[in-house]
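Input: structures, listed below.
You will see chain A twice below: alongside chain B first, and alongside chain C after that.
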Partner chain A sequence: MAESKIEKFAQNIIPPQGQNQTEAWEKFLASEFPTTRDEYWKYTRVGKIANGNYKNVDRVEDHINITDDIVCKDYLVVVNGVIREDLSQYTKTKFKVEFESAETAELNDGLDVFGWLNNATINRKISIKLGKGERTDGPLQLIFVGYGKNILQSSLVDVEVGDNAEGELVFSYLGRNSEEVFTNFYSRMHVGKNASLSVNKFQLEEGSTSHVSNDNIVQENSSRFTINTNTLYGQLVRNNLNIRVTSENCETNLNGIVMGHGNNHVDNHTFVSHDKSHCVSNENYKYVMDDKSTGVFNGRVIVQKDAQQINAFQSNGNILLSDTASINAKPELEIYADDVKCSHGSTTGQLDENAIFYLQTRGISKRNAEKMLVAAFIAEVIEEYENEDVRSYLFRQFEQRFGWVL
Partner chain B sequence: MGYTEEELAEELKDKKYEFGFTTDIETEKIPNGLNEDVIRLISAKKNEPEWLLEYRLNAFRIWSEMEEPEWAHVKYDKPDFQAISYFAAPKKQYESWEDVDPEMKATMDKLGISLDEQKKLTGVAVDFVMDSVSVATSFKEKLSELGIIFCSFSEAVQDHPELVRKHLGTVVPTQDNFYAALNSAVFSDGSFCYIPKGVKCPMELSTYFRINESGTGQFERTLLVADEGSYVSYLEGCTAPMRDENQLHAAVVELIALDDAEIKYSTVQNWFPGDENGKGGVFNFVTKRGMCHTNSKISWTQVETGSAVTWKYPSCVLKGDNSIGEFYSVAVTNNYQQADTGTKMIHLGKNTKSTVISKGISAGKSQNSYRGLIQINPKADNARNFTQCDSLLMTDECGAHTFPYIECKNNSAKLEHEATTSKIGEDQIFYCQQRGLSEEKAISLIVNGYCKEVLNKLPMEFAVEAQKLLAISLENSVG
Partner chain C sequence: MSKTLLDIKNLHAEIEDEGKQILKGLNLKVNAGEVHAIMGPNGAGKSTLASVVSGKDGYEVTDGEINFDGKDILDLDPDERAKEGLFLAFQYPVEIPGVSNINFLRTALNEIKDYRGEEQISAKDFMAMVREKSKLVELDAKLASRAVNEGFSGGEKKRNEIFQMAMLEPKVSILDETDSGLDIDALRTVAAGVNKLKSENNAVVVITHYQRLLDYIVPDFVHVLADGKIVKTGDKSLALELEEKGYDWLTEA
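== the complex of A and B ==
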C-alpha cells in the first residue's frame, strides 16, 4: 500500500519521547489533513503544508539579528521552536515566564491534525502568568523566528491573566534566511474576572512560509480581551481564533488587517461564542489584496440560548487591487437568544475612481493617490490599536516594506 | 383594498391551519419503493418516449451513488426512500372542465382558487395539480393564440418533445444534488411553459400544487422557457393537508430567460408545517434555478411560511452580459419549524447585477437560517451585488442564523452585504401603544413594515394571501 500523506509528512520529523507527547504523535499519525471538502477548510488548501518535507530541531545556536523588530522592553526569542534565552531579555516585566518540559507538560484534548502535530513536536511549553491585580508596564513581546530551510517549528503558549490584572502581549512571527518553513502555533489564554488582556500579532514571515495559528481564549466575568491580527507576509496563513465568553459583562474586540501580495493566501477564521448575557463584541477585519493573492475571512458569532442583551458587531472590508486577486468572505451569525443586537457587514470592491481623480486634480500622481486611499482604508483599523509603540511599529513596517505612509 | 385590519383580526381568530383537509378521490398508486422497475413503470404509465426513460434511469443511477447532504442547519429524521410511493394519480382523466369531479372542484373552492371564478374575474390561468397529474388547465385557448404553451409537464412531453428535450436538465443538471437527482429519476408531473419570441404574457400564470395522497412524495418538475424579448410572471402557491407522518417534497424548477427576456417567479409556500409539538409536517427540499442570457432578468420572490423542514435556494446563473438576478424572500418559522433558505447568484457575464433581500422571522422554538452565495467569476467585469438579510426574533427560544458566502475573483466587482438580527424593540411597541394600538396590533404593524420591501414585489393577488399567511403563522407567537 502506498504511504499515506501523514506518514510521508512525518518521515523527517523526530518522534517525541515523553508519554503525553507520544500519545499526541500517535493521534497525529492517525488523523488526516483537511481538504476543501471540509466546510471549515472550504477555501484553504493545505497541500503546500501536507506535501512539505519538514524537519524539527531541538538546538539552534546561530546568532540571529532581530533588533529591528523589537517593539517592547521585554522580549522572549524563540527560534525554530527552540527558546533562546541568550537572545531574550524579560527581567522587568511583571509577567511570570516559565518553561515546562514538553515531556511533563499538560497537553490538550480534542485537537485537530495541526493541534496534535503541535503538541507532539514542541520543545518546551511557554507559560506566561500575570498575578491577581497586577498591571504590566508595557507589553511582553514573544518573537518566533523561522530560520533555515524545511523547518517545522511548533510553539505552545499558555497565558493566564489573574483576576483584576491587566496585561499586554505582542506575538511577532519573523523569518530569517527562511525557506519552506512551517510555523505551527498553538496558544491558550485565560482572562480572569475583571481582568484585561490585549494581544497584538504581527505575521511578518518572509520567504515561502506556511503558518497555522490556533488561539483559544476563555473570558471570565467582566473581563476584556482585545486581539489585533496583522498579516503582512506569509505564503499560506491560516489563523483560527476561538473565543469563548463564558460569563457576563465582557467586552471582546477582534481586529485584523491583511496585506495580500504575490501568491499569498491568508485565511482568518474567527469564532466568538457568547454564553452569557450582557456582553459586547466588536470585530473589524480589513483586507487589501494585490497580485495573485487570495484572502479568506470567516467570522462566526454564536449567541447561545439565554445569553440576552448581547451586542455583537462584525465588519469586513475588502479591496482588490489587481484583477487576479480574489477574496472569499463568510460572515456568519448564529443566534439562539432574542434580546440581542447583532449585525455583520461585508463589502468588496476597489478604490473609488472619483477619489483617485480628485487627488489627481490636486497634483498627486495616480500611484500615490492609490497609496493614500489604501493607507486610509487600513489606518482606520490600526488607529484603534491602543498601544502607541505597536501603532508606530506597524506604520513603520508599511512604510519600509510597501512604501506606504499611513 | 377595502379590507381592514379589524376584519383580518376577526377572520384569524382561533384560526388554525385552514387548508388541512383531504379530498377523497380514488387514486391510482404504485407500491412503495424505488428501483429501476418503478421508474420504468412511471415512465410507461405516462407513455413517455425512450429518451426520457433513459434520462430517468441515468438520474436514478447517479442518485443511487449520492449521499444525502447534511450541511444545512436543520435536524430531521431522514426519509426512508423505500417507504414512499413514487406515483399517485387521480384515476379519472377529464376531457373538459365540465367533467371535473365536483369534489375536486370543492377542494379548489376551499383553496380560494375556483377556476370558474378565476376564469371570469381575475384573468389568471390556473394549472391545478392534484397530487401528481394535472387535472384541468384553463385559459389555454387564449394563451395559445399568442403562441404561449402552458400545460402540464406530461402533456408537454407528448406535444412538444423537442422543446422539453432541448431544455430539460440544462439549468439543474441531474448530478447537481441529491434531491435534484431523485427528482430527475422519479418526477411525476409539473408545469411546462414556453413564451415565444417577443411575446409579453398578458396574464399571470399560476399553478397550485397540493399534496393529497397520504405517504406520497411529490416530485414536481417545472420548466419555464422565455424566448428572446418575452416577459412572463408566474405564480406558484402551495397548500397541503394535515398529516401525521412526514411527507417529502423534492421539486425542481428550471427557468430559462433567453436574450432580453424577463421572468418573474413568485411563490407562496404554505405546506403543512407540523403541529404545535413539531409532529408531522412536510419536508421541502427544492432546487430552483434560473439561467439568464444576455440582457435578461430573473426575479424570484418567495413567502415561505409552511413546511416542517425547508431546504430551498432559488438561484440565478447570470451567464449573459448585462443580466440581472433578484431574490426577495420572507421566511417565517414558528413552533418547531426549521428553514434553511437563501439564494445563489453566480455572476459569469459582464455588467451583471444581483439584489438579494431576505427577511427572516423566527417564532416559537423554530430555527431560521439564511444561506446565500454570491460568486463573482474572473470574467464578470463590473459585477454588482447588494445583499441584505435581516432576522427578527419573536421569542427567546427560537434561533436566527446567517451563513453568507461571498466569493470574489474580479477586482472591478462591487459587493455589499449587510445583516442584522434583533427583536422588536420595546420602545417601538411602546410608541405604537401610545398611539392607541394594542400590543398585538403594534407587532403586526411592525412585522408588516419589516416585510414590506418583499411583499411589495408580489403580484396583488398574492400579496393579500401572503399577508394573511404571515398573520396566521405568527398567531400567538409573541413572547
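== the complex of A and C ==
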C-alpha cells in the first residue's frame, strides 16, 4: 500500500509515549492535511508543511542569542518546543507559571490535523495562571525560538485569568539559524469575569519557517480581551484566532499588521462569536505586501440570536507595493439578532502616487517617500497598542529589519 | 549680469498615455533675483509646465531642454530636482494622513543636505528653524506638527506650502496658482511670506490666472502662455492689460 501523505510527514517524528498523546497521535495519523478545496483553506496551500521532512528534537545546547528580542522583565524561553528554564527569568511576574508533563496533561478534543499534531508532539504543556483580582506589572513574555534544520516545534499554552484580574502577555516567535522549521502553536485562554487580558504576538521567524497558530479564547462576563498580531516574517503563516464571547458587557479588540515580502504567504483567519448581548468588538488588520508575497484575511463574526445591542466593527486595509503581490480579503458577518450595529470594510490599493510625488518635490527620494506612507499606514494600527514597550519594540523592528522609521 | 537659474529652451512635452502635445516650443529664462509671472487662458499648459519642470510622471519631453543653475535636469527624478534647489508650491496640496509635517520636512531637509554634502541639521536647530519660518506665513505652530495638510483649510494649505518653501530655501520656486481658493487676507499673508523669502540669489515663478496676486508679489516679467508657447512677454503692466482685455487679442493672431 502506498504511504499516505501523513505517514510520509510523520516518518522522522518520534511518536509520543503517554496515553493521551498517543491518542492524539493516532488521530493525527488518521487525518488529512487541508486542501484548497476546504472552504477555510481556499487561498492557503499547506504543501510546504505537508511535504516537509521534520523531526522533533530534544534540547539543543548551542548558544542562542535572543537578548535583543527580550522586551519584558519576565520571560520564558522555549527552544524547538523544549522549555528552557536556564535561559528564562520570570520571578517577578504575578502569573503563576507551571509545566505539565505531556503524558499526563489534559489535552483537547475535536481538533484539526494541526491541533492533533500539536497535542501529540508537545514536550511539556505551559500553564499560566493569574489569580483572582491580581494585576501584572508589565507583561510576561513567552519566547519561542526555532533553531536548526527540519525542525517541528510544537507548543501548547493554557492561560487562565481569574475574575477581576488584569494581565498582559507577549508571545514572540523567533528563528535562529533556522531552515525548514515548522512552528505549530496552540493556545487556550480563559478570561474570567470582569477580567482583562492583553496579548501581543510577534511573528519574526526568519529563514524558511512555516507557522500555524491556533489561539482559542473564551471571555466571561464584563471581560476585556485584546490581541495584536504582528507578522513581520514567516514563509508560510496561518493564524487561526477564535474568540468566544460567552457573556454580556465584554470588549474584544483584534488588531493585526502583516508585512509581506519575498515569497511569503500570511493568512489570518479570525473568528469572533458574540453569544450574548451588550458587547463590543473592534477588529483592524492591515497588510503591506511587497515582492511576490500573498496575503489572506478572513474575518468572521457571528452575532447569535440572543445577542442584542452588539457593536461589531471590522476593518481591513491592504497596500500592494508590487505588481506581483496579492491579497485575498473576505469579511464574513453572520447576524442572527436584530438590534445590532455591525460594520466591515476592506480596501486594497497602492500607495497614493500624488502623495509620493508631493514628498518627492520636497527632496525626499521615491523609496523614502514610499516608506513614509507605509509607515503612516501601519502606525495607525500600532498607535492603538497600549503597552509602550511593545510599541517601541515594534518600531525598532521596523527600523532594524526594514530601515523604516515609523 | 546675474546668474541664470532656470533656462527652458524650445520645450515640447506631451501627456504620455494620450500622446497629446501640450507644450509646443516653450522658452523661458529666469535669472537670480527675478520674479516671473506666467499667465494664460485655461488649457494653455500652465500647470503642465509646472509638472514637467518638477519632473512629474506621466509627461514626456519630446524636444528641448531644461537647465537648472547650469545643469540639465531632464533626466533627474523629482526629488533630485528638489535637491538641486527647485521647489513647487502645489495648486492642490496633497493631504497625507499619518505623516507629520515636521517629520517629513526634517527628512526632506536632511536628504537635501546629504545630497549637497552638508551636515545634517540637529533637532534643536531644526525646531528653532520651524518656529522662525512658521511665523513668516503666520502658520499656527500646531499645524506645523500635524499630518501633512490633513484637515487644513484652503488658506492653511497654501500657507503650509510657503512655510515648506521657507524651510527648504530653494533657488527657484514655482508657485502654481497659489492664489486659488484664498481670501484677500490669506492672499496678503502668503504674498508677504514669498516677498520676505525673495533675494538676489533666488527666483520665483508665479503661475496665475489673475492679476490680483501680482499686486502683492510684483513681477519683473509677465509672460502670456497660450497653446503651449510663450506668446508675449512684458513688464507688470502687461498683467493689467490682460485683466482689462482678456487673452483673445493675443491668441487670435
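Here are some notes:
Everything below uses one rule, namely that the second predicted complex is superposed on the first by the 406 of 406 C-alpha atoms of A that agree within 3 Å, B and C clash if a C-alpha of one lies under 4 Å from a C-alpha of the other, contacts with A are read in each partner's own complex, and residues count from 1 in each chain.
Everything that follows uses one rule, which is that contacts are C-beta pairs under 8 Å (C-beta built on N, C-alpha and C of every residue); 3 or more make two chains touch, one makes a residue touch a chain.
As the structure is a prediction and not an experimental result, all values here were calculated from the model.
Clash-free side-by-side placement of chain B and chain C is the outcome of superposition onto chain A. Between chain B and chain C, more residues of chain A are touched by B. In the superposition on chain A, contact is made by A:336 with chain B only, not with chain C.
Of the two partner chains placed by the overlay, only chain C lies in contact with A:373; chain B stays clear of it. By the touch criterion stated above, A:365 is placed in contact with chain C alone, chain B being left untouched. When the two structures are aligned on the shared chain, A:350 is found in touch with chain B, with no touch to chain C. Looking at the shared chain after the overlay, A:321 reaches chain B, while chain C stays out of its contact range.
Contacts of A:110 after superposition on the shared chain: neither chain B nor chain C is touched. Annotation: superposed on chain A, chain B and chain C show a minimal Cα-Cα gap of 13 Å.
In the superposition on chain A, the residues of chain A contacted by chain B and by chain C do not overlap at all. Against chain A, the residues of chain B that register as touching in their complex are 71, 73, 378, 391, 393-423, 479. Interface residues of chain A facing chain B in the complex, by the touch rule stated above, are 39, 43, 305-306, 308, 318, 320-350. Chain contact summary for the complex, chain C toward chain A: residues 54-57, 77-79, 81-83, 86-88, 90, 93-94, 96-99, 104-105, 107-109, 111-112, 115, 147-148, 164, 168. Of all residues in chain A, those touching chain C in their complex are 352-355, 357-366, 368-369, 372-373, 375-377, 379-380.
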